[in-house]
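Both complexes below contain chain A, partnered by chain B and then by chain C.
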Partner chain A sequence: MIIDQKKIDEAVATIIDYGGHGIRRCVQCGACSAVCPGVRAGFPLLCRNLIRHLLNGQLEEIIEDASSWGCQACNRCTENCPRDVRPQEVVFAFRRYQANQLAFSTSSVTSQMNLFETGHAVYTDPREVRKMVGLPEVTPTSAFDDLAKIEIQTLISNSPMGELGLF
Partner chain B sequence: MAKVGVYVCHCGSNIAGVIDVAAVRDFAATLPDVVVARKDLFMCSDSGQEMVKKDVRDGLVDRVVVAACTPRTHEPIFRAAIEKAGLNKYLFEMANIRDQGSWVHGHDHEGATEKAKKVVASAVGKARNLEPLEDKFVPVTDAALVIGGGIGGISAALELANMGHKTYLVEKRPSIGGVMAQLDKTFPTNDCSACILTPMMVEAYNHPNIETLTYAEVDDVSGYIGNFAVKIRQKQTYVDWSKCTGCGDCATKCPAKTPDEFNAGLSDRRAAFIMFPQAVPKKAVVDIEHCLNCAGREIGTLPKINEKTGRPILAPCERACPAEAINRSVAYNPAGTIKEVEVGSIVVATGYQVMDKGWFKEMAPASPNVITALQLERIISATGPTEGKLLRPSDKEKPHTITFVSCMGSRDENFHTYCSRFCCMYMIKQARLIKEKYPDMVINMHFIDVRTAGKGYDEYYTGARKMGINFFKGKVGGLEMLAGDKLRVLAYDMEAATGIEYESDLVVLATAVELPPDATALAQKLGLQFCGNHFFRELHPKLGPVETAVEGLFLAGCCQGPKDIPDTVAQAKGAAAAAAVPLAQGKVKIEPTISEVHSEVCSGCGICIPLCPYHAINMITFAERPRAQIEMSACKGCGVCTSACPSGAIVLHGYEEAQIFAQIEALTA
Partner chain C sequence: MEKIGMYLGCNIPLKAPDVEQSFRKVFPPLGIEPVDLQGASCCPAWGTAPSFDLNTWCAISSRNITIAEAKGVDIMTGCNSCFGVLSEAKHFLENSEQRKVVNASLATINREFKGTSDIYHVAHVLHRKVGVEKIKESLKYSLDGLKIAVQTGCHALWPSDVYKVKEDNPYHPTMLRELCEATGATVPHYSRLGSCCGMGGMRSTDAEKSLKLFREKLMSIKEETDADLIVTTCSSCFLQFDMSQPILKERGLIDFDPIPTFYYTQLLALAMGFDPSQVAAISQIDRSAIIGEIQSEKRLIKEVA
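Entry: the complex of A and B
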């Protein structure tokens, strides 16, 4: 790795711009990664290590890495951080950056399409199973409510997500 | 008529790089009463000073103005120079054309030069009106007070006493020794803490120049350097210490239990107790807050009489005492007694406390097997609750895996942002002591960084690695309580960039060093200030590390900031040396630039009295009427009284009306 101050400043400014305001406060203690379920599951670039790469100016080098989508938003890193970095916000800032560059995994595209079409990020058709156990087939949620779907689609289309041009 | 000499300094390029020094010199020569105006590359150099001295010796000048840097650093040099040449040293005035001139106006050379001329004119205006003044001296009480009987206080007291000064050593607990008395062994040499501390405790206690007052606290301090009046409250022990032999029989019979502070709460002590086996003085105390008043023996009441035997029914502690030192019929004053002493200087060495584990909710504080490092120190100490056997608190079983967690509450925005400095080393020490004794023990140490700055310290750390102790870079994120009193450790290995998860039998937290809460009240009594980290503030972080803003008051040890034993002892000896200066001199100099009341003009209105921030003004009777009088050793020359006096009766020497008005006139000309 070459230390390039311009790249470092750019990476930090980008993350701060997307909401990761605390990134410069990080002292690399690792308390966030110690409790991160994503790190435990084997995602290499979350919390401490993601911040390290960003502070090294490796924004472009890691843009295709899917680790950030492994963040479960449990917020334990932020609760634990002794320097008020708010690591989850850094992870989310990086995610927003990735999304704006259309650099995200197919799995996350699917969930966003689901959200747009049904109002549920994770969606499977429930009708058959519900019928089997004797429940009404249709659930009282947006998935079976056309008016609600239109409302959700209007909201998404008018949000930064809509600007990605996925839908 | 005054003969003023003006000397303008280049200060290399510091001043001359911005200000036209020759122009300032030429301007000065035109000012009234100025007889010579010269310039030099460095006025503070030997040749610069000699230039001034020669003019004084030749009778050319009798008032001196140096236009250079700040009087804070250089006024004493020039005052000394003219005094040596035979002129009263207060016939000197400094014009600061560097700090308030060239340094702040580097962008505007012309403007800076004009400003320098005005500043010089103002100084000359004042110098023309200067009057000679004489230094005054007040005698000093040749005695010192050391507050705190830990290793810092003991070291300072011994140093002062060995220099021949009477020293009062005040300790709030029943015994001196402080935190060091609770430690098992000390890094980096592993010598037994008690073995090196106890002889010093005994030496201090028996020293002919030291009067040790334990179970005592400073109640009130008044006065100033050289003459402090101190009220020391000796707390009520409810035991006659002149009779107590320290046998401890009272403690074995006392049924009242309370957590033992000396064992960091890991065991109970009795209400009647001796602090620890090597206590100095080894005397018992009845902790009345936890006393059960057995047999209805409230303090100061007569005992009931046994109807059958006709003998009085006594409390177990009274019955147990073979020296008859405990007599609950005596009407002891619960407030204790006040001892008043006079001292010339004071050393504050009140020490620290470690944070409680309860602050760290993510670290399973409810588990008895999560302990602080000070608690582990007691567990591995021969005088501790397990007599030195490594047994975990929950089931008194020997642990197989021990985890050390660093930086609990240190380097943390939520608690303390500073590094507690000695935790890394004592954790390594504890790990080494355990590994030496139990080579099969799995010891995992988790650090943000290992900080081992100190003589022989890094070798001690690398030695621990060679012994097979496991080191991980990365802060522990949390603990979870598991069945069987075990703990799941959620950690991280930064070097391998991977999470770590394992089960541990005992987890040791290196909790942060901080001031105990009662330090605030003491600071108010002494006029001590706090630094940003809420330790006592020293006068200067580099050049005044033992002095404080209060003259005659000095700091030693962890009350000034976290430090280990060698640093504490070094600072304590430094504080003792500084505290001995006024005692050795026998007098303290009072600068004559202080206020004085002209009694014949004073109307006795008393407005000045509440305004004085140093409580230096009293009412006296003069010509049968009340008049204000200023205590010269307490006055700091701030001038508040002078400006407030409606009668114009108070003069601030060195800043008299004519002098100030001459300055204003020159600046506004």
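Entry: the complex of A and C
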């Protein structure tokens, strides 16, 4: 592999821009990967190895890899990192880069639509089961609150998410 | 009675309302009044706004927090993901630059994040505000002799620097164990106590990898504790344990019957004598035998008013 400083700078700047502020502090010790459930489960590009690719300037090359979406956001890595990299924020920064290039699974679109339309990422009509357990059929949440839904839609529409043409 | 904002999230009010009902039943007798946060939305879940844009995540999270701020109450979440997402968002908003940007978004819906409400998990409220002694006094049935394997779940543990309440050692959590022991049950240690159950982004991205991880954890529970039941304070872990054990069984990947699984407040509600058809009604795994055992006459301690 040819190491190209321009590509490294671009990859690092992209990750920092999407919230992975600590990436430059990484010394590749692997304390993050040692405790990562995603690494344990067999996702190839998480924690140390993802950061390695990014620090080598590999950004577009790995855009189709689904590992980042297998991140549990559990933050064991953040707890363990001796350099305060906050590796999960780097993983999520990479995921945001992918998402904003629309490089994510179509199954994930449903949650975005649900969030926009009901304020809930997971939505199923709850009225029957709620009645069964003796609760009011409608929840006190955004799903049954029109003003709340308008507020959520306003926040999303005016954000970078709104510019992706999903809604 | 101390009031606390009951932040419901998505899975609990929509898919597991018996868990919501268990909150509503157990807290008032323990001296805590849960108040509804009208119009609260998704936290937002990791796979949504947090995966697209940091400030949109913070705006949606802080909108939820402002509902509690307006009522002058702290927040209690039942879902670990909600606890993690809201706590992290609040942590990001300690940065004044970020807060300014997010408050500019909130201004478009006439809201302002002030940072006056703290984020607690249901387990924290029970352990730190109510306390195990009060829980012991509230029991109608003793769970003496029953063996519980506990599952705390990831997002109440790490990263400990953003949480209002933390374990002494997040890799060896003790709060849920102590809460379960308060019911009289035995809570043996198992080697994969701190492991991830595989739910969440992993399950939706690659169900097979998720099941493999889950099986490792489950086998550790079965072989090392032979627990009568599994108890969790994470609604996602609950769904994984309840939904994936039957899958493993059907595929012949486990040779024992699925272990009945409960959210902690369901167990507590049963031990306090509440009606199982309201507080522990929805599960894939048949829990009727263990519920009958918990609420059997021989376990009666006293009549609770």
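In this section, the second predicted complex is superposed on the first by the 156 of 167 C-alpha atoms of A that agree within 3 Å, B and C clash if a C-alpha of one lies under 4 Å from a C-alpha of the other, contacts with A are read in each partner's own complex, and residues count from 1 in each chain.
Note that in this section a residue touches a chain if its C-beta (ideal position, glycine included) is under 8 Å from a C-beta of that chain, and two chains touch if they have at least 3 such contacts.
Please read all numbers here as calculations on a predicted model, not as lab measurements.
A.B. asks: A:N49 in the overlay: touching chain B, chain C, both, or neither? Say first, second, both or neither.
C.D. replies: Touch partner of A:N49: chain B, not chain C.
A.B. asks: If you stack the two complexes on chain A, which partner ends up touching A:K7: first (chain B), second (chain C), both, or neither?
C.D. replies: A:K7: touches no partner chain.
A.B. asks: Return first, second, both or neither, reflecting whether A:N158 touches chain B, chain C, both chains, or no partner chain.
C.D. replies: After superposing on A, A:N158 lies in contact with chain C but is clear of chain B.
A.B. asks: Using the touch definition from the top, say if A:P82 reaches chain B (first), chain C (second), both or neither.
C.D. replies: After superposition on chain A, A:P82 lies in contact with chain B alone.
A.B. asks: Check whether A:A34 is in contact with chain B, with chain C, with both or with neither, and answer first, second, both or neither.
C.D. replies: first
A.B. asks: Compare chain B and chain C by how many residues of chain A each one touches, and report the one with more.
C.D. replies: Of chain B and chain C, more residues of chain A lie in contact with C.
A.B. asks: Based on the superposed arrangement, let me know which partner A:S142 touches: chain B (first), chain C (second), both, or neither?
C.D. replies: A:S142 contacts chain C only, not chain B.
A.B. asks: Applying the touch criterion given at the start, work out whether A:G19 contacts chain B, chain C, both or neither, answering first, second, both or neither.
C.D. replies: In the superposition, A:G19 touches chain C alone.
A.B. asks: Shared contact residues on chain A for chain B and chain C?
C.D. replies: Shared contact residues on chain A: 40, 76, 79.
A.B. asks: Would you mind writing out the residues of chain C in touch with chain A in their complex?
C.D. replies: On the chain C side, the touching residues are 8, 10-11, 13-15, 17-18, 20-21, 24, 36-42, 44-56, 59-60, 63, 81, 84, 105-106, 108-109, 111, 154-155, 157-160, 170, 195-196, 198, 200-202, 204-206, 209-210, 212-213, 275, 277-279, 281-282.
A.B. asks: Can you list the chain A residues touching chain B in their complex?
C.D. replies: By the definition above, chain A touches chain B via 25, 27-36, 39-40, 44, 48-49, 76, 79-80, 82-84.
A.B. asks: Where on chain A is chain C touching in the complex?
C.D. replies: 18-19, 37-38, 40-43, 66, 69-76, 78-79, 86, 88, 92, 95-96, 99-100, 104-105, 107-108, 111-112, 115, 119-124, 126, 129-130, 132-135, 139-143, 145, 147-148, 150-152, 154-156, 158-161, 164
A.B. asks: Along chain B, where are the residues that touch chain A in the complex?
C.D. replies: That would be residues 362, 407, 411-414, 448, 473-478, 490-492, 494, 497-501 of chain B.
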